[in-house]
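Labels run A, B, C, D and E following the written order; every chain starts at residue 1.
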Amino acid sequence: QAQRNGGELVFPVPSEPPSYDGHREETFGLIHPIAPFYNTLLRVDPNDKGGTKPYPSIAESWKESDGGRTYTFKIRSGVKFHDGSDLTARDVKASYDKIIFPAPGVGSTRKGQYAVVEKIEAPDRSTVVFRLKQPSGSFIASLLSPYNFIYKADILAKDPNWYEKNIMGSGPFTFVEHVKGSHVVGKKNANYWDKGKPYLDGFRAIFIRSSAAQVAAVRGERAHIQFRGFTPADRDNLKSALGNKITVQESAWDCILLVAINHEQKPFDDKRVRRALTLALDRHQASESLSKIAIVKSVAGVQVPGTPFATPPGELNKLAGYWTDINKSRAEARRLLKEAGVPEGFQFTFKNRGIPMPYEPLGVWMIDQWRQVGLNVKQEVIEPAAYFGVIRKGDYQAAMDFQCGYIVEPDLDMYKFLSADRNPANYGRYKDPVLDALYDKQSGETNVEKRKQIIRQFEKRLLDEEAHYLMTLQWHRIIPHSSKVKGWTVTPSHYLNNTLDTVWLEQ
Amino acid sequence: MLHYIIKRLLLMIPTLFGVAVLIFLLLRVVPGDVVEARYMSQGSQFTSQDLMNIERKKLGLDQPLWKQFTSWMGGVLRLDFGLSMWTGSPITEEIKLRFALSLQLAVMATVVATLLAIPLGILAAVKQDTWIDYAVRVFSIAGLAMPSFWLGILMILVMLIVFKWLPPMVFTPFWVDPWENLAQLIWPALAVGYRYSAVATRMMRSAMLEVLREDYIRTARAKGLWLKLILTRHAMKNAMLPVLTVIGLEFAFLMGGLVVTEQVFNLNGLGMLFVEAISQRDYTLTQALVLIVAAVFIFVNFATDIAYAWLDPRIRYR
Amino acid sequence: MSDVLLEVRNLVKHFPVGGGMFGGPVATVRAVDDVSFTVRRGETVGLVGESGCGKTTTGRCILQLERPTSGQILFEGTDLITLPAEELRVLRRRIQVIFQDPFSSLNPRMTIGQILAEPLKVHRIIPEKTARAEKVQELLAQVGLLSQHADRYPHQLSGGQRQRVGIARALATEPSLIICDEPVSALDVSIQAQIINLLEELQSRLGLTYLFIAHDLSVVRHISDRVVVMYLGKIAEVADRTALYESPVHPYTRALLSAVPIPDPKLEASREHTVLRGEVPSPLNPPSGCVFHPRCPIAEPRCSAEIPLLREIHPEHRGACHLA
Amino acid sequence: MASLLEVRNLQTSFSTASGVVRAVDGVSWDVREGETVALVGESGCGKSVSALSVMRLVAEPAGRIEGGQILFKGRDLLLLSDEEMRHVRGREIAMIFQEPMTSLNPVLTIGRQLTEGLEIHMKMAREPAQARAIELLGMVGIPDPARRLGQYPHHFSGGMRQRMMIAMALACNPSLILADEPTTALDVTIQAQILELLKDLSRRLGVAMLIITHNLGVVARYADRVNVMYAGRIIEQASAGDLYGDPQHPYTLGLLRSVPRLDEPRRAHLAPIEGQPPDLTRLPPGCAFAPRCAFRVERCAEAVPPLRSLGSAEHLTACWEAERLVNRAAA
Amino acid sequence: MAVTKETLDRLATPKPERARWLQATLDFTRQRPLGAIGAAIILVMAVVGLSAEWLAPYDALQTDYGAMLAAPSGAHWLGTDAYGRDVFSRVIFGSRTALIVGLGASIIGATLGALIGVASAFFGGRIDLVVQRIMDVLISFPLIILALAVVAILGTGVQNVILAIAIPMIPRCARVVRSSALAVREMPYVDAARAAGFTDARIVLRHMLPNVTAPYLIMLTAFLGQAILLEASLSFLGLGVQEPVAAWGLMLRGAAVEFAETAPWMAIFPGLAISLAVFGFNLFGDSLRDALDPRLRTQ
């Protein structure tokens, strides 16, 4: 089918970008309306449903040398910024320097992700070299980050914060307007380097907080798509209202709610108690029932199911809490609790974050599950903005935690579980050198099969033997969109694939 | 009279100052700040304490409280509300469109409420203790009793199923397309106006009942005036006074308090902005909003008092 | 009978009106303007005048319910104004009050018994409960009420009965002075006489002293030994009852007396009526000179310029008129 | 002289939470052309309700005129339609109320309140109505009347407001004015001014007047004839001279005796009427005054005494023992 | 002042006679049928709330994933919600939450407000001025912000929701009570108490406070309805009572909106319950106000 040129893509965005600076922000509210104005060095293949395949963007090609310690990128020529100037290696270097080596007193949100980078060089207009301190299996993946817009070096030199309030990129669309509290409009960049693209004349991102109104917008055919995701109920409603005018794309979502268990509080310092907590959960049943009302679905380990490093279901079901026989599982949970001296009807507080979807249904579900092994759990819901402050202080017994990535990559996904002294975002407050060692080992392992094995060991230790953290269900991304929208593929991350250069509208 | 106005205007200052102090302190007591809200709410693993400190410094949050307060107050005195901590852009810019929407909705709801309340209130009072009175009272109390979000949900459902109507996505200001604009706001205005008319109808009824028992109404009847004339000329003006107060108070409430209605009807008004600002711990924006809404409240109160004085010569005399 | 129980010296009470936090007072009501008189032990002094002339305010100043702007109030030689709060509280049992409105002067939430017992308890006059109940019965009997009235609430009594309760409450603390602020004005004509008789009887039995405030000149004549006539915050005339009613020296007193209609058509037909001109001026801005001059039938030019002093015109008969 | 207004056996009652109040219970009286008749009695005896019944302004639905006739110029007002009655009010019969403070509408100007009656009843245009209003204000002695038209009631003192009420009542040249305690709320000196004014106007314009009051002195000074009411009934009816000179009902007598009088030497003690006024919802079966009466005999508690004449047809009394009373007084 | 006078005799009279209250109830029913309907609704709600355990066919928390979103049927009279919980049982248990929050918030709000109002009126002068300014500040403070702040500082949970709702009520009640108390302060019986040499505390507590019962009660009933509504609104915004507690507002949120089309019973019944309860309180409060305010009496 031939791509059609023209048309304006209209999509609601559930939140508004705080600023325009991708290097600084950490929200899809920036990606959805702003990413189309920019390019990144590399990108994820827009047709890869797994959302992991590197794909050229500003960099035409790249090669690895020096035993994985040097990466050389060939920068595309003929790329122009919207102001007409050329985009060269200098701009790439300047952008990444801003991210990785910010001047003192200048903050960088993602500095920590690139700790392995030693320095960046731009020997000529079309070459950029990244030198690493040691080889890293995930380095290329980290360059796929949709946030790392390439900015203009001259502008950054003058004012490193200029991009917070201004937009000037090289992307397929140019910025038209942003009406606060209403919308952002972009129009086709006629001089886009990727000839023939974009197909759209423009796009209009409309900020709509209420999910009901987002659904209504799609239903009323006033918007084509919402890129974050709808609930199963919304999907069904849309489908039944609009029939085949609606196309549904679904994917496992690289986000998961976890339960952090405070190892510093009794009786949760006892791994039997923690195991009982995970054993009590009937994940398979929940996968079936909760997926009807919430944006969760697959039973998952530390990797998004269906991705290269994920544990196959048969293996996964051997872990505590993943057994298919829930009665056996619950009996074991009761036994463990009894053994640990936890009385029947033991009461504790579960802290949850005040966000309805999917925190609330999962909270309700878990409390109910725990009740069935004789635990009396009170839920305390904390206002979202205050939440992580509270949890980080360790002021809780068990609490909902959250992990979300822009790309499925074991290094990124498992970093969360490293000992508390290595990672402050480990709210469970445990130290487990064995686990840390496994992490490091898999990270340095370049053989895929071997790496998988190590990851399995890591998973078993984390979720079963020690039960440091509990996994709930993997999120499930559901994008019911107008059937007119073509050239867009769902990926496990709602941060990815939003440049819109490949998207076109059918008549 | 002038003296009275000046006095009332001056009395607004300590109240507004109190509001400013209260919101300022309240926000600092609430756990979490804008930096935490921004960097920790996405669950990022890589946010360093370092980064947060740099960001706090940028926003002046590292300053002692009194310094933050005085510099904020200094700006406010120059009518400069500063920059939003969340977006970094001027607060006036953030608020502009939403203020217009909230104001318009408040005005429309007030019109709806007044048009309902005055005739119904008079009718119920004149027909006191008949089925008409009961019907009016039940109608108005039902308005009070129905949570506006529920009413909104029901309204939208009915509209959706019966008329295939959906709430529009963006607010079209009146000056851009009046027709579209009215079509958009009329439903929330009805939903809110109905609830709001309930208070006003009851007030109108009881004020009217009271006035109808006044001696001067008996005098008017003894003069041989028609009932219509007695109601419109003698009773209504007197009964309007307390109703005016209620309408004023409600109007002020509508300016910042329609969070739920805005959510249901997908309106980007001040109410939602409020919730957003506070959940983002956008101190400056929240402070500005509170101050603006409080100022509207106080000003409307003041305006009703002036209108009161204008309607009631006894007060005007002061 | 000549020792002075209460002496009011140069009492002034101004009320600020308008203004407020920043504005300051806009105007002052000169409610009581330099008033002096004495009340002797055992006598009844009548205080008459038209509405708003400051009678009640004078009474309230004496009772210390209002802080006088200046002046002295000597009760048995002690100045009540400068008395420390606690001493004043103790002294208060000696000066009691009966109000005009018998209903609103009784707490609707308390039974008659409670109302009467409360001062006995607070002032520790009778600390013991049963004895107090007996005393309440005694008080009720004294004012002509029955013992079962003790359990009633004020609204269950008639106006006359309520006023009797008011009197009984005043008597409870065994006062020597009672300020009666229009105690019979709100009562029906047929009841007025009952209350007046009761007051008189109690006076003779208990040796009470009354300051009797009223606007009904006939009632005042009946009950008072001496009479003070007020006009617009000032004293117009003070005299013995007989002297005042038979030979008033102030034109205002004369007009007042002639304005009182007498229930006898024949007499009325033959009586000459001096009807005053004009309205009662506002105490917010009283006329210059003699405050009465705009309405006075015999006013002269100097009346509008000079303030007449209250001077002794006959022995024990003082008037504030240039022309008396 | 012909009767202008004749009230026959009027009965008005109110239904209240504590029972039916027979506020006016079979009352008959009349007002002849040009004369001043007084209605006296204690608070709550039904004076105001009588007057309001004539105007048909009794507060509905609680209050109801149960029976009787109100003949005004020969027409029974109780049989008129609402619209016809409206033409009587203000035009033929005007009323002045007790409370000058609350009986004027605080938010309308004096001029507005004065002219609206003229506009409605006399079909006057604005200009002539204004002129007439100025004339009326001048007539009742308000200085600078033209300027006063634009003012509001609160600019007026109590006495001036009552004058304004009188001006309003006189506006359409009514033939009868019902004045319900027109001076009770006023000071003695102002009361005298107002009553003189009323008397003077009624004499000059030949308007008949019903004065309602509880002040026996006022009655003595201004009334031609007097009706004394007690608990909803007329208990004595006479010319002013007869009533004061020769009271025939123990209540009238008691009333006259109980008030201290300036014209008489001071008595050591007043002679009060003992007891309390009756509760209108629980009236005794016989004479309502019986429980307080010194002349009470058995019959008093059994049957209501009718109004009857002891000789003079103009002097009626409702007492079984009137003869004994008269004789004793004579003795 | 006249308002309080007759009002109070009605309230003040503990009639010793038998079944006096029965008579009063009958009178009230006859004279104010709407008020009686309101009272009946409240009564039903109270009974239901108190005996929820016995009345409800299911435990309010019991989930049944096999019967998710089931339409009303013999087994579930009002259907089930997204977790398969019985809507009928949850509505019944919800009335308890509503009563606790409503009563708790309105009693705290009205009582504190009344105390502040009376004290402020009695002491007058500078104290009054300062207290009034503080009340002004609280009143002009957007209600939702106060609630948000309380919840954000203290966290959610029933007690905190009660507080969040009660605090904005305090200044409103204080104002109303103060204006009545100002009138009471001018009553001669208060003067009589002062003239008798009673202490300030005694005058405030014994003579003034009992005489502002009428406005207090009126505010209390008005607040009750408002509190229930506010609680529902807060829950709707996610700031009120939290899952899995059975509360009406909560039941209307999230899934109820999402499934409004396919499972409308989830939104309709709790919404009706709220409306009915608030309706009852308002009807009753209105009639109470009329009954307590002599100016509005029919007769």
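Here, a residue touches a chain if its C-beta (ideal position, glycine included) is under 8 Å from a C-beta of that chain, and two chains touch if they have at least 3 such contacts.
Note that the structure is predicted; figures quoted are calculated from it, not measured.
Novice: Tell me, which chains sit next to both subunit B and subunit C?
Specialist: For subunit B paired with subunit C, the chains in contact with each are D, E, in label order.
Novice: Minimal path length between subunit A and subunit C through chains that touch?
Specialist: So the least number of steps between the two chains is 2.
Novice: State the pair with the higher C-beta contact count; candidates are B-E and C-E.
Specialist: It is B-E, judged by the count of C-beta pairs in contact.
Novice: What chain is the most remote from subunit A, judged by the mean position of CA atoms in each chain?
Specialist: D
Novice: Report the inter-centroid distance (CA atoms only) between subunit D and subunit E in whole Å.
Specialist: 50
Novice: Starting from the mean Cα coordinates of subunit A and subunit E, work out the distance between those two points in Å.
Specialist: So the centre of subunit A lies 46 Å away from the centre of subunit E.
Novice: Nearest whole angstrom, what separates the Cα centre of subunit A from the Cα centre of subunit B?
Specialist: Their C-alpha centroids are separated by 40 Å.
Novice: Any idea how many Å lie between the Cα centroids of subunit C and subunit D?
Specialist: 31
Novice: Scan subunit D for residues touching two or more other chains and write them down.
Specialist: As it turns out, subunit D has residues touching two or more other chains at 61.
Novice: Where in subunit C do residues touch at least two different other chains?
Specialist: In subunit C, the residues touching two or more other chains are 21.
Novice: Which residues of subunit E are in contact with two or more other chains?
Specialist: Residue numbers touching two or more other chains: 152, 257, 261, 298.
Novice: In the complex formed with subunit B, which residues of subunit D make contact?
Specialist: Touching subunit B: residues 55, 57, 61, 86-91, 94-95, 97, 99, 102-108, 116-117, 120-121, 152, 154-155, 165, 168 of subunit D.
Novice: Would you pull the subunit C residues touching subunit E in the complex into a rising list?
Specialist: Within the complex, subunit C contacts subunit E at residues 21, 60, 63-65, 88-93, 95-97, 99-101, 103-110, 118-119, 122-123, 153-156, 166, 169, 173.
Novice: Would you mind writing out the residues of subunit B in touch with subunit A in their complex?
Specialist: The touching residues are 30-32, 36-51, 54-55, 57-58, 86-89, 93-94, 96-98, 160, 166-171, 263-264, 266, 268, 272-273, 276, 279-281.
Novice: Show which residues of subunit B lie in contact with subunit E when the two form their complex.
Specialist: Counting only subunit B, the residues touching subunit E are 14-15, 18-19, 22-23, 26-27, 29-32, 128-129, 134, 137-138, 141-142, 144-150, 153-154, 157, 160-161, 202, 206, 209-210, 213, 252-253, 256-257, 259-260, 263, 271, 274-275, 278, 286, 289-290, 293-294, 297-298, 301.
Novice: Could you please specify the touching residues of subunit A with respect to subunit E in the complex?
Specialist: So the residues of subunit A touching subunit E come out as 211-212, 231, 233-234, 236-237, 285-286, 288-289, 292-293, 352, 354-357, 360-361, 363-365, 367-368, 371, 379-383, 385-386.
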